[in-house]
Structures are given as structure tokens and as C-alpha cells.
Amino acid sequence: GDPLASDEGASSQPDSGTIAIGSANFPESELLAEMYAQAIEAAGVEVERTFNIGARELYLAALEDGSIDLLPEYNGALLSALVDGGAPEGVTSPEDVYDALQDVMPDGIVTLPQSEAQDKDTLSVTAETAEQYGLETIEDLEPVAGELSIAAGPEWAERYVGLIGLKELYGVEFGEFKPLDAGGPLTLEALLSGEADVANIFSTDSAIETEGLVVLEDTKSLYLAENIVPIIRESKLTDEVEEALNGVSEALTTENLTEYLAKVQVDKQDSASVATEFLTEYGLL
Amino acid sequence: MITFDGVSKVFPDGTVAVDDLHLELPTGKITVFVGPSGCGKTTSLRMINRMVEPTSGEILIDGVPVTTQDEALLRRGIGYVIQHAGLFPHRTIVENIGTVQRLTGVGRKAARATAIDLLRRVGLSESLADKYPVQLSGGQQQRVGVARALAADPPVMLMDEPFSAVDPIVREGLQAEFLRLQAELGKTIAFVTHDIDEAIKLGDMVAVFREGGHLAQFGSPQELLEKPANDFVADFVGRDRGFRSLSFDSADELVIDSVASVSTGGEILVLDDAGRPVGWAGPGLGDTSAPIPHGGTFTRGDSLRLVTDLAISSPVGIAVQVDVDGAAVGVIRHTSLVRQLDERRRRRAEPTA
Amino acid sequence: MIDYVIANENVILAALSQHIMLALVPIVLGALIALPIGFLAVRYGWLYHPLLNVSGLLYSIPSLALFLIIPGIIGTKILSPINIIVALTVYTVALLVRVVADGLRSVDGIVTQAASAMGYRRIRRFFEVELPIALPVMLAGLRVATVANISLVSVGALIGVGGLGALFTRGLQLRYLDPIIVGIVLSVLLAVLCDLVIVLVQRRLTPWTRVKGRS
Amino acid sequence: MIVRLATDTPYLLDPENWTDSAVTSIPELIGTHLLYTALALVIAAAIAIPVGLFIGHTGRLAFVAINAGNVGRSLPTLGLISFLVVLIGGGLFPALIALVILAIPPILTSTYAGLRAVDPAAVDAARGMGMRELQTVFTVEVPMALPLMMSGLRNAALQVVATATVAAYVGLGGLGRLLVDGLALNQYDRVVAGAVLVAALAILIDLLAELLQRVVVSPGVSGRAVTRRARVAHPSPLTEVSSGTAA
Amino acid sequence: MITFDGVSKVFPDGTVAVDDLHLELPTGKITVFVGPSGCGKTTSLRMINRMVEPTSGEILIDGVPVTTQDEALLRRGIGYVIQHAGLFPHRTIVENIGTVQRLTGVGRKAARATAIDLLRRVGLSESLADKYPVQLSGGQQQRVGVARALAADPPVMLMDEPFSAVDPIVREGLQAEFLRLQAELGKTIAFVTHDIDEAIKLGDMVAVFREGGHLAQFGSPQELLEKPANDFVADFVGRDRGFRSLSFDSADELVIDSVASVSTGGEILVLDDAGRPVGWAGPGLGDTSAPIPHGGTFTRGDSLRLVTDLAISSPVGIAVQVDVDGAAVGVIRHTSLVRQLDERRRRRAEPTA
């Protein structure tokens, strides 16, 4: 068998009353999951936290096999993962992506309305690099990419929203690919230390501001909209849960997400208390 | 009585370990199996308690074939002592000794009491009771091994080179202890050794084995020394066998001269106030005012061997006999001793004539 | 550091208790499975080397790989702690089979013979003589397996079930030493503690190994 | 169906992956993996052997050697590597240090144990024949301790081979890439390929070490001088108590 | 000559291992250190090659204090053999033997040649040359140990219980081999044993140590047996010392009677066609037509001990002497033998008068 692959046999279970919430293995996902958890708990539903699961494919598999019920997701990335061969070209706006998503959601799993808050993939460079090569947009990379190296998650090597799309859409082909982590600390570290010239950084990363990174403009809309969207097993979706989750999605904006994420990333506060603070501020607790 | 009735053992690999053995081990006596390495001593011994099953022939204990009995039960009734004692390292000394008793259902307390009693019997202090085997010296372990075999008070004991792993001095102690104990208990014992001296010292009867599992001679130690059945046995009992055979005869029957008699020969046995011999003086012995040490004395119960040796090592060729208090009671000249040995030999030859 | 511990008390405790569960259940299971296998390896001598080679092979599979492969073999869910438990049980068995076999083989043949000669039957002899004497060697192996398991559990964090390992991934993501140090310290302490417990058990069960031998 | 199924040809058997041009070419990964392993082992040996020799020969500081094994085993490699990355940044360095720390205890402990196990009579004889201290160590003690020392090295090698996979976790190459990428890309067959290759490499290294051991260890010590039947079994360290496979 | 000049050794823990030892080990002779366990034999031996440094006193080899020489160089010039041979298991037999030569810079080929020569000398086959120690029996290993110590042809050899780890039969062979070799080489040898029989057999001189590192007696084996200095030594040399002391005197000086003479006493020595004795016949010996086995003969060079034993074990009290071909050349009656022993003793006592 292939446990990473979907398991059709695992049908949705009857509502057990407890909602198992998962998260990916990066701080923002965990923070969002924590917000969901506390909001649902406030609505009187029991939750179980299974955070820090790892790569997308792993937690999606977990969602599908019933190990977890609810996840914070990004609509674009999710779409790319669910469509064989990646997201269809041209579908990049939040609405288009959300609509496209509805067609491919697996049985028994639904998306709730998405938040306006986005955390997009970016290609970022340091200010010096931008200056040296005169970089502002991704297109500017084309002539010089051969001399440059790029750091990103290992899956970039084989994804459309990754090296493939860069090559096909922009004609950009990097001299070297360093598989590190998706928008994670290793990638950032590599960029800052000069080990990599270009890095895949998430748009909510506080380092963009603190380190004065230059985000290259995605003029051809390679990167899809990445609105935050809760996905949940339909069987677990009661009214109270839906209401609580929608409340969180409505309160979230790219700005306040960035701000609160910095509390975790920079100030090293723990995500539970940051989530509490957020929910309290927006009157959700 | 343990009877080997035409017993042979051929191992699956074809080794003939024991070959048509006929032997009777007298009840209440020590029978020693001795012979060079690999001659089948251990195999013979282990067939008695069925650790090895004979290929042919039969072994009977008091007329009952051992094969008619349940193995485990048979073994619980036969004491077994082996070379390195084979004590259980994870059990205390009393637990080791009490093993068979506990197996046969005796209570812990009762087994302990027996064990402690046995400890004393084999000459060990009670303070060792709750120690573990590693805490004991080799000689002490060996004693515990004997005690363990004795615990169920089995009428039969098998001992496989029980003393060979300890050094010669300790061994002598163990042997003496063993003989003392046997004099008291009178078990029927089969004892394996490859040391002929040990065999001669301990055995009431000795079975000399030779290569290929053959019995070369079965007889008393004295018979072995005086009349070895063949060159193999003569060779095996080793040198000095004439001299050593003298150990089996007491010197008590010797005709002893009076102490006074020796002065007439020129030598003078100097005595102290209590009549104890101090040494020899006399014309042939130098002008030294101090008497020359006599080099040892013998007393009732000593063997001809000792007396002969004293006569040889004496500075005047005369052995001195003393009483229990050490007072000189008589003397015997080497020449007179030999004459008497001669007569003794003649006397012994006569009945066979 | 203290601040971190206080602020994240619940997270740390949860991680620790998961860690303990993930590490110790396999030890118990592994020991129970290894005992009969080790016994067979001694009873049937020809099994010894093949069994040891197989366990050596199992031990050389990287733990992360084993964690990922196991659900494919036994059909568990991907996030199930059972995967970690099964994987660590496999390692434990691989390690202990040898130890059990060596322990039993270390029993002096003279002692077992003496036992037989005193009228022990087979099964009773095994439990009263061979097993206790082999215990020190077995427990020494158990110590190694326990300590190794405790440090291995944390790898599970890479797939979301890793006890204290979660503190490592978190610390790495946040570039934050505190959780990492807390995780390492707790993991090492746990290992030392378990080691100590086994040593104490061993002292109780095998008093004869503690007495001073004579020179 | 959420996730892509594995491609038709299992990753390991797809010739594509074995060519140089592949993004992650298996031969290259193996090469890198071996490089990390070798580097870590050489450094660890360079530290552990002299220390082990000193402790074993003099008997001083024996507690270091005795405790090194336990402490080494109890250190979680993943934690160690995370710690080092956060402390000194990414790259080869932290992974290498973690591997070296992993490899030192078995080498140190076995070197010590090997020297301790040398028959004191032989050492005494060596001194009595007029060998000087260092001559005794290198011409008598080390050759006699070699079987144990080698098994320590083999143990260390096996652990490092398995654990070198963590290098991928911090972005380096080696066979760990297959595990980490397989995980990230959700390719089960790629993970299996990684596991199989690492295990195969471990066996290969062990075999080579065994060959090396045959060459360097005197037959008089290894037991090979004795007749085949009576030969003392020399267990492969593969089967020996080892620890710390990770990532 | 090796001189111990008031040598003492006190170990750091306060153990007095050797106490004010004065001793001279004659050049070209075997001096045996013997005594109970822990009496300081090994310590004394190891002070000679500075494996142990004395606390006080001085050891000199041919008048030169050992402390004046470089340790390693001193040791290369002194052969050293220890109990379990202490062979290097990782080296072949020839490499083992060649160790010291290689240390002193001798080439591989030359060292090998010497080693192979030595192999033969110690009675081993050349075919063992390239084997490893594990492939040899205990006795063979011990021989290699001796060969290794001899390789650099050192004038002095130290041997610490070299034969104690092998079984008694092998040990006898090694001892004989050793004496033959020494007769050839004439080394100055210090030899440690705790077996008094070995000491008496091998030693030209014997130093008996007692507890606390004291020297109890220093003398020839015969002196020890005939005149033990005190009870400790007498006890230590053990029983039969008179009889054993006879081993040091040849029987060659005995006055032997003609074979014919015995018939007049009634016994008849039956000879075969070649004149070799077959056994005894005669009136007192039963009617059996077959002669009774004589039980052994002696020849030139044999000791008084053997003759005495033969006289005792003979069925007629007469020992038979034969020539190299086994033909009877004479007889001696036990009584006559004892008379001659008596005279011998008197003769010996006279010079001291």
C-alpha cells in the first residue's frame, strides 16, 4: 500500500464530538490552527491538537484518513496539490482559485469561506543583490539567473509553482537549486548568509521587513492567491464550529497576521498565548 | 552396590568411550576411576545417573537397573559433584546446598537447617551461609559442591574430578576432609580422577582405565602398586611404587629394639627430661657438643613407609618410635627394618604357595 | 529558559508524556518478543547467525524511513503513534534478540549439567537456572535499547509524532534555542532516569552480581 | 483523491533517477552520503582513538570512556543538529559535528575496551623483553585490541551511515534527500528507495570493513588461525548493539 | 653471577614482599626460588630485570648494579619466560621468537633463521614456524616461550613458573627438555616455582622463601632434603625426604653381587636366551611354573632411589642390574643395599669430624 497516497477506504466517521485540528510544521500554520482551536473551544466544542505534522501531502493524507478533521490551508497551494500537474494556468486571483478549489475538494471535505489574509510565495533577494543585478521583478532574473542560486523547499524542484513554472512562464533557470525548507529558517538563513542569492520566502515573514529584503514582483502571476482558508471534514461541521471559524477568517488580514506572527517568530512568544491575544483583541473570545 | 554389566558406550560419531565394562562398586566404599584423558571415566560415571545412556549392557544399583527409574527422580537420589563445583552463581550458599531438597518439596526452613548443618560438616563456617559462590575461594566452592551433593542424603555419590581445579595444597586439605566425612557417612562413591596419587590415596578400590574405554585393572591401591596387571598399569602408577606400597601397611607389627640397645652400637640417643628424643650423639658423629637432630619420629599407627623414610634420613640409620607424649619408646635400625620387611614378604608369599 | 518553560509548561509536559509513552511501550513489547526469539536462537543453534544478521539489517534502516514505511506495511494511519511504536519495537527486538541469545549462551554448561544431574526437568531448569543467570547480560542490553529508544523517538517529530522532538523542530523553525535545549535536557534526563531504574531493578533481581568476588 | 499516486516505475528502479542529469541523481547522492560518512568517521577516529589508547593504556580517566557510551547514546541526534543549526547556522558544519559526536562514543569505548582486554601477560612479556612504552602500545596492545577497535569503528560507521540522512533535513545532500524529498513530495517509493539504499550502503560498508578487518587483524587474534570448525565466531557489528539511527 | 645485596621491597600499600634478601645465583647454574604463594618469589625475580624496583638494597649482575643500565637495554639482555608463556597472539611463532632480535635491529631474515634454529632446539617441529600461538598446545606454547627468551642468547634467564600451566605429564616433558637444553647452553637461570618437587628436580641451588619475603634456606636440593634448616623447610619439602634424597646419589658405587650368588639363597633369577632377566622362581615363590615378574631393573647411572624402590617392590627383595642391552649383570639384596647405605653415611659423616 501507499500510505502517503489517499486512502479511499477511510470514509468519514460519525461526529465524535471532538475535533482534531492539525497544522503544518511552520509557525504560521500552527498559530492559525491554535486560533481555530481556541475559537472552537470558546464555542463549547472539544478539540484535540495534532500540530506540526510536516509537509502538505502528509497532513492532507492525515485529513483524508481521518487522523485530523480541520486544518488551516492556503487556497492556492491547496489547489496546486489537488490538481494533477498543478494549478491550471491563469487561475491566480483569490476568487478564481477558491472557485476552482470547489471542484477538486475530495469527498467529505469542504472549505469554509476564505479570509482576506494572504501568505503568498515570493521570490525575495537581499537589497544588495537587488542592487547588484538591478532586480525588481521576477522577469529581471531571466538574464542573470544562470549565475544565481535559489533556496526553497525540496518540493520546488518538481512543482509548477516552483522551478518548473519559473522556467516555463518566465524563462528563468537558476544555476543551482538548494533544497532547504519552504519559506523556513534554513532558507532565510541561506539567503542572509549569501549561500543562496534568491529565496522562496512567505509574504507574511517578518524578516522581509526586519532584514530589508526585496520581494520580486510576480508580474506574470505565477504565484497563486494564497488566502487562508479552513478546510474541514464535512461530518464535523456543525453550526457552532462554522460560526467560530468564520469569525476567525473575518478578523484575519494580511497585516494583522504578519504582526501577530512576528510575536511568535521574533518575540518567541508561544503560539497559544499569541492566539488568545488575537482572539481577545478581535472580540472572538 | 553399583554393577556395570557389560556396559558399552559408542557415541554417534563412532567414538568408543566405554567398551564392555564389567565392574562392581562395593556399597559404602569409594571406588575410583582413574586413567589418562579420554579413556571413558566421565562417560562411565555419567551412565550411572543416566546423564549418558549406554549403547549396550546394563547398570544396576542394588540390583535394580537404572533404566527402570524416572530420570529426574533417579538423579535426585544420587549426589553429583563436578570439577568446578558447578554451583549456581545466582543462589546463595545455603540455597545451593538446599537445591535438591527444595526440588523434592522440602520447605525452605527445613532445607536451610540441613544446609547449615552440612556446611559445618564439610568444614565451612556458618558465616558463609548467605554469601554467593563468587565470594568463596575455589576450595570453599568445592566443599559447597560436596555439601550440595550430600544434602538429600543420597546413598550414592558420583564425583567427577572434584578436586582437580584447586591448587595442590588446598587439594590435600579437601582430600583429608573428604576421607574424614566418608568415614562418618559410608556412602557408595564413584570418584573420577586422572591423578593416580589421588586414586591411591582415596580409593578403597581403584579401576584403572586405558584408552578406548577398556578396564586395565581393578583392585585395591596396594594391589595396583605391588602387582600391576601389566606394563600400562605399572607405568601409570609411576615410580617409587615399591616404596609407596609401604604406606598401606602399619609399622605396628615391627619388632622394636629398646632405646638402650642403640648405645651399644656407639650412637647415643639424647633424651630430654621428659624422655623425648632430642638428637643423636656419639663417636662417629663429630665432636659437636650439640646432638644432631634426629630428623623425625614415628608413633603407633604410622606406616612402614614413614618408618623406612625415617631410617633413611636419620643421621645414624635408626628410626625412633615415640609414644603419644613424644617420649621415646624404642628404636629400629634400617638393617633390622629391612630384614623384617624380607620376612614379611616371605610370610605373605606362603599362603599362595 | 525558565520563562520559556513556564510559558510552555503544558506543551512541554504533553511532549514529555508522549515521549515517554512512545519510548517505553516499544521496550516492553520488544522485550516480550525478543525473549522467545532469543531462546529459539540458542535452542536451535543454526538459527543464531541468520537471526542476528536479520536484526542487524533492520537496525541499519534509518528511523525516519522506517517510520514512513511502516504504515505502508501494516496499514495504520499516517499520523498514528502506532507507527513510531512499531518501528521502535522493531529496533528493540533487533537489539534484544542478540542480547537474549548471548545471555542464555553465557550460562556455564557445567551449571546446567549440574542442574540436570540434580534432577531438574527442562522447563523448570530454564526458569530457575538459565534465565536468572542470563539476566545480567539481558538487562545490560535492555539498558542500551531503552536509552537508544528514548533518543530515537524525537525523530518522529519530522512526521508530527515525536514527543520532545517537537521542541526541536519548533526551535529550529523559530531559530530559538530554548525549546531545543529543554528538549535535549529532558530527553537525556529521561534516558538517564530510565537507565537508573533498570540498574536498580537489576540490583534487586541479581544480587549475586554485586558481591565482590575473591581474587 | 488528494495526493498524487506514486509514478508507475518505483523510484529506485527508474533509470532516469540514476543518470547524472536527474535533479537528484542517485549516484551523486550516494557519493555525497559516503563523503559525509567518511568525513565524520575520520574526524571522530582522529579524536577518539588517541584518547581511547591513552585511557586504555594508562587506565587513567577510565570513567570518561565508560560513560562516553551512555551519554553518546542518550543524546538525541535531531535535537543536537537543531541546536547546532540555530547556534552556528546552516551548512555542512552542524551536521558534521552531530555525526562526529555520534561516532566518537563507540570508537572511544571500544578502543578502551580493546586495550583493557589485552592479556596482561603479553604486555608484561613485552616490557620484560625490553620494549619501550610506545613500542608496547603500538606493536603489542593495538594489534591485539584491533578486533574490538574495528568493531567499534564498524558500529560507528553504521550509525553514521544511517544518521547522515539528517544532513538532508538541514538542506544538504546525501541519501537523506530521498527521505526528506519523498516526504515533502509525498512519494512513498522515493522514501523506500532512500531506506533501501541506506540499508544497502550499510551492509556494503560493513562487508568492506569486514574485509579490511581480515587484512589488518592478525589471524592469530581474529581466530581465523584456528581450524574452520573451531573458529571463534566474530559477530558482525551489524548485529552488535548499536544505536542512534536517526532522521 | 647475580647478587642480591640486602634487597627489600615494600609495596606502596605496605606489603613487605621481600625482606633483606642476600643471595648469590651462581653463573651457569639454575637457581630455583620456591615457597608458598605470596612469599615474594615473583617480586624477587622481577627486580633482576627491573620490572620492579627494590625499596632498598642492590642487585648486581656480574658485579654491575642493574640500576646503572637503561631499563629497556637491560631487559633485552635478559631472557624472561612467564607462566602462560605470554606469547603475542598476533604474531606467528617465528615472529614471537624473533621479538628481541628485531628490537635490537637484527634483520627479518636473520631473526627468522635464529628462530627456526631455536624451534628445533626446544624440540618443536619447524612446521610450526608460521603458525599462530592459538594453534599450539599449552606445552608447545611454553616451549616457544622458552625459545623466545633464548633468542637473543642472553647469558641470564628469568623464568616465572614457566611450566605450571600445563598438565603434569606435559610438564615432565618440558622439564626434561629444559634440563637437556641447559646442559647444552649453561645459562645463569633464576627459576620461580611453588612446586617443591620441581625445585628439587631442576635446581642446582634452591632458595626456599617463606611468608613475609624471608629466605628460609638456600642450598642444594640434596641439602634441603637431608638437612632442612628448620621445621618450615622440612615441612615444605614434604614427606619421603629421606627416600627422595637418594635420588641425588648414583647407584654406581654399590657393590653388586653376581647373578649366580642369589641362587644359593633359594631364589632363582630366570634369564632368557639373551641373558635378560625374565622373573623369579624358587621354592618360596609358589609352584607356578611361570616365573614371577621381577618388577623392574636398574642400569648404570640410575639413582639409589630407584634401586631402593626396586629392592622393596621385588618379590624376593633383590634388585637386578642390567647392561645397556638388558642383560642381567648383577643383583643386590635389600639387606646388602641398606648395609652399604649405612657405610656411605658413616663415610660422609667423617670428614666433618
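First chain written, first letter: the chains are A, B, C, D and E, and each begins at residue 1.
Here, a contact is a pair of C-beta atoms (placed from the backbone, for glycine too) under 8 Å apart; a residue touches a chain by one contact, two chains touch by 3 or more.
Since the model is a prediction, treat every value here as computed from it, not as a measurement.
Asks: Which chains are in contact with both chain A and chain D?
Replies: C
Asks: Tell me, please, which chain's centre (mean of its C-alpha atoms) is farthest from the centre of chain E?
Replies: Centre of mass proxy via C-alpha means gives A as farthest from chain E.
Asks: Can you name the chain that lies farthest from chain B, using the mean of each chain's Cα atoms as its centre?
Replies: Between chain B and every other chain, the largest centroid distance is to A.
Asks: Using mean CA coordinates as chain centres, what's the gap between chain B and chain D in Å?
Replies: That gives a centre separation of 60 Å.
Asks: Cα centroid separation between chain B and chain C, in whole Å?
Replies: Distance between chain centres: 55 Å.
Asks: Determine the centre-to-centre distance between chain B and chain E, using the mean Cα coordinates as centres, and give it in whole Å.
Replies: Between these chains, centre-to-centre, one finds 28 Å.
Asks: In chain C, what residues contact two or more other chains?
Replies: In chain C, 68, 72, 157-159, 169, 172, 175-176 touch at least two other chains.
Asks: Note the residues in chain D that touch 2 or more other chains, in rising order.
Replies: Residue numbers touching two or more other chains: 85, 183, 188, 191.
Asks: Which of the chains are touching one another, listed as pairs?
Replies: Applying the touch rule to all chain pairs gives A-C, A-D, B-C, B-E, C-D, D-E.
Asks: For the complex, which residues does chain D have touching chain A?
Replies: 1-6, 23-24, 85, 89-91, 168, 170-171, 177, 180-181, 183-189, 191
Asks: Quick check: in the complex, which residue numbers of chain C touch chain A?
Replies: 4, 7-8, 10-11, 68, 71-73, 75-80, 157-160, 166, 169-170, 172-176, 178
Asks: In the complex formed with chain B, which residues of chain C make contact?
Replies: Touching chain B from chain C are residues 108, 110-111, 113-121, 129, 132-133, 135, 206-208, 211-214.
Asks: Where on chain B does chain E make contact in their complex?
Replies: Listed in rising order, the residues of chain B that touch chain E are 167-169, 195, 225-226, 234, 239-243, 245-246, 284-287, 295-296, 305-306, 308-317, 334-335, 337-339, 341-342, 345-346, 349-350, 352-353.
Asks: Can you name the residues of chain E that touch chain D in the complex?
Replies: Residue list for chain E touching chain D: 49, 51, 71-77, 80, 82-92, 99-100, 103, 131-135, 148, 158.
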